[in-house]
Structure formats: structure tokens, C-alpha cells
Amino acid sequence: MTVLVNGEPRLLEPGTTVEALVRTLVEEPERGVAVALDREVLPRRAWGETTLRDGQEIEVLQAVAGG
Amino acid sequence: MAEPLLLGGREWGSRLIMGTGGFRSLAEMEAALVASGAEIVTVALRRVDPAARQGSPLELVERLGLFLLPNTAGCYTAREAVRTARLAREAFGTPWVKLEVIGDDRTLHPDPVELVVAAEQLVADGFTVLPYAGDDPIVARRLEAAGCAAVMPLGSPIGSGRGIDNPHNIRLIVEQSSVPVILDAGIGTASDAALAMELGCDGVLLASSVSRADDPAEMATAMRLAVEAGRAARRAGRIPQRLHAQASTAEAGRPALG
Amino acid sequence: MAEPLLLGGREWGSRLIMGTGGFRSLAEMEAALVASGAEIVTVALRRVDPAARQGSPLELVERLGLFLLPNTAGCYTAREAVRTARLAREAFGTPWVKLEVIGDDRTLHPDPVELVVAAEQLVADGFTVLPYAGDDPIVARRLEAAGCAAVMPLGSPIGSGRGIDNPHNIRLIVEQSSVPVILDAGIGTASDAALAMELGCDGVLLASSVSRADDPAEMATAMRLAVEAGRAARRAGRIPQRLHAQASTAEAGRPALG
Amino acid sequence: MAEPLLLGGREWGSRLIMGTGGFRSLAEMEAALVASGAEIVTVALRRVDPAARQGSPLELVERLGLFLLPNTAGCYTAREAVRTARLAREAFGTPWVKLEVIGDDRTLHPDPVELVVAAEQLVADGFTVLPYAGDDPIVARRLEAAGCAAVMPLGSPIGSGRGIDNPHNIRLIVEQSSVPVILDAGIGTASDAALAMELGCDGVLLASSVSRADDPAEMATAMRLAVEAGRAARRAGRIPQRLHAQASTAEAGRPALG
Amino acid sequence: MAEPLLLGGREWGSRLIMGTGGFRSLAEMEAALVASGAEIVTVALRRVDPAARQGSPLELVERLGLFLLPNTAGCYTAREAVRTARLAREAFGTPWVKLEVIGDDRTLHPDPVELVVAAEQLVADGFTVLPYAGDDPIVARRLEAAGCAAVMPLGSPIGSGRGIDNPHNIRLIVEQSSVPVILDAGIGTASDAALAMELGCDGVLLASSVSRADDPAEMATAMRLAVEAGRAARRAGRIPQRLHAQASTAEAGRPALG
Amino acid sequence: MTVLVNGEPRLLEPGTTVEALVRTLVEEPERGVAVALDREVLPRRAWGETTLRDGQEIEVLQAVAGG
Amino acid sequence: MTVLVNGEPRLLEPGTTVEALVRTLVEEPERGVAVALDREVLPRRAWGETTLRDGQEIEVLQAVAGG
Amino acid sequence: MTVLVNGEPRLLEPGTTVEALVRTLVEEPERGVAVALDREVLPRRAWGETTLRDGQEIEVLQAVAGG
């Protein structure tokens, strides 16, 4: 299935959780990372139980220097 | 002398809030943050970049024991800004947010209509909202009425370094506000920061003037001193401005030597 | 960071020179002089007044271990000023003099013609001459050519508190001078002093803005910090001024949240 | 040279719009309106006052053959302003309106949120809307997007006579606008009006600076000339500003006479 | 309204004096001089240049019936300036002279010491002396005391186009002077010229702002109008400047429409 | 009956039209006068046929010098 | 004899020295005092040996707050 | 003989008058021309009777656009 990850389409195994995806992007996502699934905030505690579906958009964000 | 700043229900020893954008390196950022004496620093949220070479500002902020203030930089609508604030709360575990809702990318001026909407929603959602605003007293009044923890008018456009284009408006905002007024954006050099405090601002938020100076740590020192200087001058009660001179040495007792 | 000021062949740690005129009491003067961190202070010469109630500023200056800089306040001609400088040398045993030759009592602007004549005579007589001047670059050049130890252009009229009316002229004087440039007169508040240093002045001399403030000691603190702030900002290399904005947060990596 | 102003689908020879408030008498108003050369004048709507001694400005405006522009002065909400505009249309038979929605009575600054709402409703209702706005470029952009026939940023608060507090913002608004930009409010004297035109404004609207001057007709003459002068200067392409001098007489051929 | 300027014992209808330097061609000079309405124009003296292609400004000035005012541009000492004035008197048969004694070629600021000496000598020699001076009130006073027919303080350096750097000094000079005050040098655009007149100057002398504008004739028109506008505004008695607003529409009679 | 006229309560005969009321306030209301009845615009052409009712609010407005 | 002391005429005994006069005005003139006799500086060391003459002007000056 | 004319050395016949020299530089010197001889003004009326001498400096000036 294809999921839009941070604006780029990515092929993922069906059943991939948000938690699993995030760990491919960030080594230690325990702090400083947030996820929006289809433009809504997905709380940290729901990452493990949320399975991605084909066509979804996910934004995985972290702190950068700014403003 | 060191009257603390009451902001968001907490007391702060420093009245200088530092943005972290624009530094050439994390090392320069660290030196400048330390020199600034700031307790609160802003960061932005962006997509994770696995290829990023630079270390994380988050780690630095935590190592220095600073208080993190996430911003919503880059948002153009209330909707984006509210979502970004909620993501920041999720990522950093803080209900504080520097609310930015930009109107265009040439001036980076806030959009007052979207800003007020976003502020109302975030306050209702329990956030401690510090809104980056224009210098319009009416917008400042609406933001305060919306329950913002401060109002943060700009001095001049972000990164422009022009200082305070319209001191009258800042004065009007200070006169009318019951929440802290923090001058945000446009500071170019130390005298600008001192002037902001002399006009009655409770604090100053700046980034580019330090991060893009030739020597950021030295400029951070300058800003720390300038904020203290301006605060002291405001408290000290300055002399009025006159067209003509007023002698500082008495005329009486002048000898005849001509 | 603490590069000393070289003035009159000596090194000074402070770049703030304090006048002693205008204080409401010797106690306020003492508190302010201490808070200012100044090392050099000016006094004037007047006829002895057996009925004077106030104690002597001289005693205070000596007790605080400050360096005395006599002035020629109130002189309208080169002749009077030269005589006053010689009397001061006699009274205080110092060849240093802040040379003032006033043109009228409404503006207290210096008379450039008399000033240059007096400077030439006093330099020839071995004085270390610190001339209070207008902000005209040509007069500054002549004073330097006359052998003065510094040039001290005014920011605005004495006691007017208007700050620096013409920063361009101060900038031109700084550009051209090989002796220290000390901004003398007109400072109203801390940001004025910071600006003077940012323009490249080597020091600031002020009196009324501190002595006539509601709280002189607090304002003296403000001025001490402001001079340091402005000096640091000058050294740090400020960002340029722009009409448009320049973002302090990167556009790249902005999420799609709209 | 006399390029007309295109405003509201019509061509106008004069770029000065006159408010009628603040005059000491109708006779002074008449003399000033004539001297100003204005073609468009504003009036307000108020409750009929049977006890009124003064004649009606309406009669004067009609006798002089001027174009009437009703305003919504005194309205604090979009709702009031829209109703007032409709009443004015009824009273004067004109779909033109100078839209004012005030945020408070201390600054008389517009409320940008209410202003944009009112502008949208009035445009939808067929009005030719000339909105009195703050100097925020984002608000100006929204007003233009709403279909306003012009944007009318303030220079400084109504009646303050301070001129243009923030020329940078006016410049930004001019840069971005496709509709005419008319500087409205704050003009104090002729050079302010000239400056507005030099910044690129298409016209100037003013009242108090003329009506409350010692000699309104003379000041109206000054404003007429100043608007023309500023317009011509803008078209002529001014020289840049420099720090240093540039000789206007050639060095070459200078004789040896020293 | 058209109160003439009394200068040098004669009455003049125009208060704008034009320099002739900096034009790209004699044709542009002619168009601009005509458009300016000036009656007095300055020229300089230089070595005859048999290879010169351009026609003579003298011929043009005479053809247009203008009054010639020779200057001493390029002189650095009183001696050179006095000799140049005498040569000009010989060449043009006029005792009028715009006296310039420059201090350096970077600022083109006058040298006040040499200027006063030259003025005294030329007045004694029967000249009608119009001295180009700095903006120092004391120097202006000395020039008037020396018998000059006017004082002509600079607004900012020649050709800099910065307008009036220090309006306070111009105001002080106007307050104290019994001879006409003519703002000379630094004008950049029309609002600068209007401001000069509003400060109380009796006239304006300018060259580069017109001759180096993209369209000199159009800018000359602008300057003519601006000088008249500023003069009228000065006479009309402007409103004071306020921090807060003052309504131009009465509150009384406001309907209830909310 | 009582009608609030320009903010002041006024006793009127039942059946009074807007037109009649306006004429008590303005001599020549043909031009430059507008009426709001209960805060809504009442067009000129409707004045004659609109009868005032007890408790209504009417605003009768005209041009004054302003801004 | 009469001497103008700080602008005021004062009767003095003939033979009065500058030193003696100064001590009538200042308790401890060792430091911080300067004297002009007929508008010229009179050095400290010459006070004792300088006798005032009728009609002379003497200025006795000290430090005051200033500038 | 050599005369410095407007800063340039020039060989002239002995006996050359100022008038003659000026006419080599300017066609119609009746108006708008002035002469300094050895840095002092030489009035127009004296040009004809003034003979140049070896080593003298002469400045021949006219109006240019300026200031």
C-alpha cells in the first residue's frame, strides 16, 4: 500500500503501525516528535495501535531551529 | 532591582526571549544562548529529516535547562496554526505556544483576522498563547480579550533589523494592556531592544539580530545588557525632551575672567 | 571583551564619563556615581561661597577615588576658557580639561571659532584637552588637528534629553577621527547612549539624564549597561536594515496541515 | 502632467479628498473647500437636530458641485457600519461609502476584523467601498481582495497631526496594491501630504489639518499644492539618499587661487 | 498670499533659488529652470575650456532673464573664496555672492572658521554675501553679525538627498535670525523643500535634487509647488501633534444602529 | 403611543406615519435624510405607507460635517 | 583699601596677603582652590608673598558640581 | 617667455598683453570672463595695458554650471 509520508509517497507493508513507521525515520522518538495523520494530531500513546491504510497522509515532525 | 517578569503564570528572571533561527551552527547557537541569559527559547516544528547533519536544537535547549516555546512559524491560516500548536504540545509536552499566522511571505506580517481566530481556539483548548502580532492597538486589545497570556507586537518585519518603525503604536499598546507586552520581531541592534523596554514593553523576543550578527555571542551579550538597561531606564523615570538647552552647571558664582 | 579606552595617554575600564551637575543632593550624586561605574567625573569652578550648605563634590570625588576632569562651563570666549583651564590646573593639579566655550545661553552650543582658538592655546600650554563641540565634522577635524586628546561632539543641546539629533554627523566624525570620539550632551535615556556607541563612539559623557531622572542611581545603572550594550553591539557587527522581511525559520520541511 | 485619478470607475482631476469635520463655521469650510481644489468631500450621518444653528454641509457641497462621499464615522461594528452605509445610500442616493469601523475611541484605529467583514458585505451589496484602514499590508491585501475600490491606510491617528508614523508600511501597501491607495488620517501639514504622494499613494484624504488650522483656507491651498508637488516628485524619479556628499559643481577647472 | 521675499535689498516673487550644477544637458537645464519659477540661479567660476562642447550656462541665464548669483564652489580657504568672489564680481558685474568655503571633499561641509573670516572681508568689501553654512545656530549668529544678507544652513550634505537631518537646528536658526534663512543643500525631494519652509525658512536653494532627477523639469515643478505649499502651511498655522486621536466627526447625534 | 425617536421617547397619535413624523423634524426631507426603523433602513418610498407602532424605535438622520 | 573680592568690593587692611584673604573665605584652601588676581592665575605658592593693592580684583574659586 | 596659463606652462611672445592672451582663449570676453594675475584680480579695464612677464601665473575664468 502507498502512504504519503511527509509529502512523499512510500510503499509500506499492509499492517504497518504508525509507531513502526516513525521508528524508520527517527531513532528515539520518545520526545520531541509529533505525528499528524490525515492532518489531525495523533497522540503519542495511539501510535502503537494505529495501523496505516492505503492513501493516508502522515506528517512526522520534530523540532528545528526557528523564530 | 530584579523584578521578575510574570508570564504565563510563572516568574522569569530574564526579559529576553531568544529565537533559535538563523544561526550558522549549533556551537554559535549555544554560545549565544548562554550569553543572552535567556530562559525561554523558541523552536519550530518541521518534517523529520533523516539526512540532517546538524544536531538537534531540542537537545541543546534541554542541556542548557531552557524553557521551550514552540512556535507555529510558516502557518498561513488559523487552521494550520491550531494544528501545529497541538502537534507541538504533543511533541514537547507543553501547552505554551508562540502563535504565528502569517499573511504573506514578503512582509511576514501576521494576518490579524486569522490570528484572532486561532488565538481564541487555542485559549479555549487550554494553551498559553503568546501571539506574534502587528503593532495595531486594536488587534492587541482583541488578543488580550481572547485570553492570550501576552501580546507580542512587531517592531518591524521579521529579520528586517529596522528596530521599531512605529514607537507610538507600541506606546499605545503598553498603555492599554494588562498582560505583558513583548516586542517581537524587527530588532536590529542593542539600542532597539533598549528602546522597546523604555517604551514600557515587559520583554523582547529576537532571533536574527543575534543569530545573523557577525559575532552572535557578542551580540547576545549586547542584547542582554540592552534589555536590562532599557528596563532600568524606564523604571528610573527619564527627563523630558526639550527644544532648548538646560545648563547642567549653575550660572551663579561664575567668575569675571573675560 | 573589556577592551580599555585609551584616552589622554591612560587606559580606562569604563567608557562612561559622568558630569556632576544637576543632582538634588550629594547623597544622590554619590549613589549615581557609584552605580554608573564611571572613573572620570567632571566638576566646574565657581566663586567660593562661604554660605554654601551642600558639601563639596570634590571631597566626594576624592573619597570615591575618581579621576577629576575640570570643565570650563560658562565661558563664552577663548580667553575666559583658557584662564579657567589654568585656574583649574592650579586648583586640582591636573592638566586635563573639558573645554567648553559656549556661543549662547539658549542652545549652549559651542562657539566653534572660539573653541578652536582655545584648544590650540591650551594644547600649546601642555593641557590634555577634551573639547565639547558641535556635531560638525569639519570642526571635529580642526580640533583633532589642534592636538586635542579627543573630540566630544554633542548629540543635542545640553540638558535637552533629545538624544542624537543627527546620527549621520556622528558617523562622519567617527569615520574620520584618530582620537577617541566621546558623545557629550543631549543623552536622554539608555537607548541614546547605546546608539552613540553603536555609531562608533568610544565613550559617552552625560549628566542631566542621570542627575535629573526621578531615580538617578537607577538611571546611572541603565547608562552603565547601555554603554556596554552599545559597545558590544558595535563590536558584534549588526545585521543590515531591510525593507522586506527575512524569515528566521526555514521554509523547507513545512508540513501540509491546511 | 495632469494624469487623472481613476477611482470607483470615474476619473478625477484632484487627488485631494476633503473631510468636512472640525471647521469653526460653514464660511470657513466653504473657503477651504474651494481653495483645496477637492472634488470629493466626506460627510457623516447624525440624528437630525432641529435646534441646529449651523447651516447644512450638504447644501454647501451641492452648491459647490462637489461629489459627496458619506462615511460611517462612529461605528464600532460591521453591523452598525453596514446599516449606516445603507442609510447613507438612501439619504444621498450614492453607493459610495467611506467605510469606518472604529476599534476604540482613544486611537480611533479601525478594527481590522470588523472592517473586513463590513467591506465584504457592502461590496456584495453593490457599494463602492473606500475603507479607512490601519497601515497593515495584510489588512490592505484583504480589503483589496474583498473588492474595495481603494485602500485607505492611516498615516497616524485621526486628528493627531503626526503625519506618517510608518512610511515603510505605506510603501509596502503601495507596492502590492492594484487599486488606488489613499492616505487617510494623520496628516498634519503640507510636507506630510507631499510625502504620502512621494511614497506612491494615489491620493490623500484629510480634514483636521485644514479645518483646525489657524487659517483653514490657506492650509487648504497648502495641501492642494503639496499633493501636486508630491505627485510630481514621485513621477520625476528622485535622487537616492547618500551618507556622503556629491558635489554639484565640477572639480575640473578649479583655478589656483590659494 | 504672494508676500515677496526681501533679500539683498530687493523683492523676489519666488522663494526657490536654483543651482545649475549636475544637469545632463543645457536643454534639460533650461526646461527645469523655467519650470522651477526661480528668479535667482547660481553659477560657478572655472578656467575657460576652449574644448568645451556644451554651451554656456551664462547665456542661458541671461536669455531667461534670471538673476545671476555666482558662487565660490571649490574654495577651501577664506583667501581663495574672497579672491573668487572678486573675480566673479569682475566677470559678472554683480556684488552678490553665494559664499562657499568647504572643509573637506567627503562631506563638503563648510569650514565655519574660514567662512566667518571670508564673510567679514567680503561684507567690508561691499558684497551682498549669502553664506552656505552648516546648521550650527552659533555660526549662523556670527554670519548675521558679520553683515551677511542671509544665512543659508545646510539640511544635509550637498547632493546627499537626505533632506533635513536636524530640523531642530533649523528651527533654532529661524527663531534667532533677523535676516532671511535659506535652506541650502541636501534637499532630495519635494516634501523636504516643503518641510524647510514649514520650519520657517524664507527660501530654499537646491540643485542636485532637480538636475539629477530622472525628469528634471518635472522635479522642478514639484519643488516650485512644494516651496509654495510649505510657505502657505507655515502661514496657515498648523495643528499640534498629539499621541492620541481627536475625532473629526462629532460623537453627538450618533444613532443607535448596533 | 410612545415611539423612541432619535433616542428620546415621544408620544405620538396612533396612525402617525413615518412621513408625518419626519416632517415634524425636517422641513424639506426630500434629500439628505434617511430613516432606520427598528434598526433597519426604511426606504424613502415606504415612509408614507408605514404607520408607526407603540414601542418602535426610529432614527431620522441627516448629513453633518464629518471626517 | 578696597579690593573687589569675587565681584564684591571689600575693605581690607593694607598689607593683606592673598593667603590671608583666602583663609577668610575657605577653611582649608590647600586643595581645590584657585586664585585669579586681576584676571591672571596666581599660583598657590605665590599667595603668601603677594600683597593686595587698592583697586585690585581677586577671584577665589573652588570646585562645584557641574557639566 | 613662459607664462602659467590656467595651470599649464605656455610660451608667449614678449610683450603679450593680457587682453591678447584672453582673446586666444575666449571669443567674446566682454562679459562673463575674469582674470587673476599672480592670484590677484586684474580688472577688465586693465587687461589692455598689462603686459605679461616671464614666470607669471594667469587664471582666465568663466561661468560654468554649478552649485
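We just call them A, B, C, D, E, F, G and H in the order they show up, numbering each chain from 1.
By our rule, contacts are C-beta pairs under 8 Å (C-beta built on N, C-alpha and C of every residue); 3 or more make two chains touch, one makes a residue touch a chain.
Model, not experiment: these values are computed from the prediction.
Among the remaining chains, those touching subunit C and also subunit E are B, D.
Between subunit A and subunit G, the least number of touch steps comes to 2.
Chain pair with the larger contact count among D-H and B-E is D-H, by C-beta pairs in contact. Relative to subunit C, the chain whose mean Cα position lies farthest away is F.
Note on chain placement: the centre of subunit B and the centre of subunit F lie 53 Å apart, centres being C-alpha means. Averaged C-alpha coordinates give centres for subunit C and subunit G that are 33 Å from one another. Counting partner chains per residue, subunit F shows two or more touched chains at residues 6-7, 36, 39, 59, 61, 64-67. Contact with two or more other chains is made by residues 19, 21-22, 44-47, 71, 73, 83, 87, 106-107, 109, 158, 162, 168, 172, 207, 243-244, 248-250, 253, 255, 257-258 of subunit B.
Here the touching chains pair up as A-B, A-C, B-C, B-D, B-E, B-G, C-D, C-E, C-G, D-E, D-F, D-H, E-F, E-H.
In the complex of the two chains, the subunit A residues touching subunit B come out as 6-7, 25-26, 31-36, 39-41, 43-44, 59-67.
Across the complex, subunit E is touched by residues 103-104, 106-107, 109-113, 116, 134, 136-139, 141-142, 156, 162, 165-166, 168-169, 172, 176 of subunit C. If you check the complex, the residues on subunit F that touch subunit E are 6-7, 36, 39, 57, 59, 61, 64-67. Interface residues of subunit C, counted against subunit D in their complex, comprise 168, 171-172, 243-244. Of all residues in subunit B, only 19-23, 29, 42-48, 50, 56-58, 68, 70-71, 73, 83, 86-88, 90-93, 98, 100, 158, 207 touch subunit A in the complex they form.
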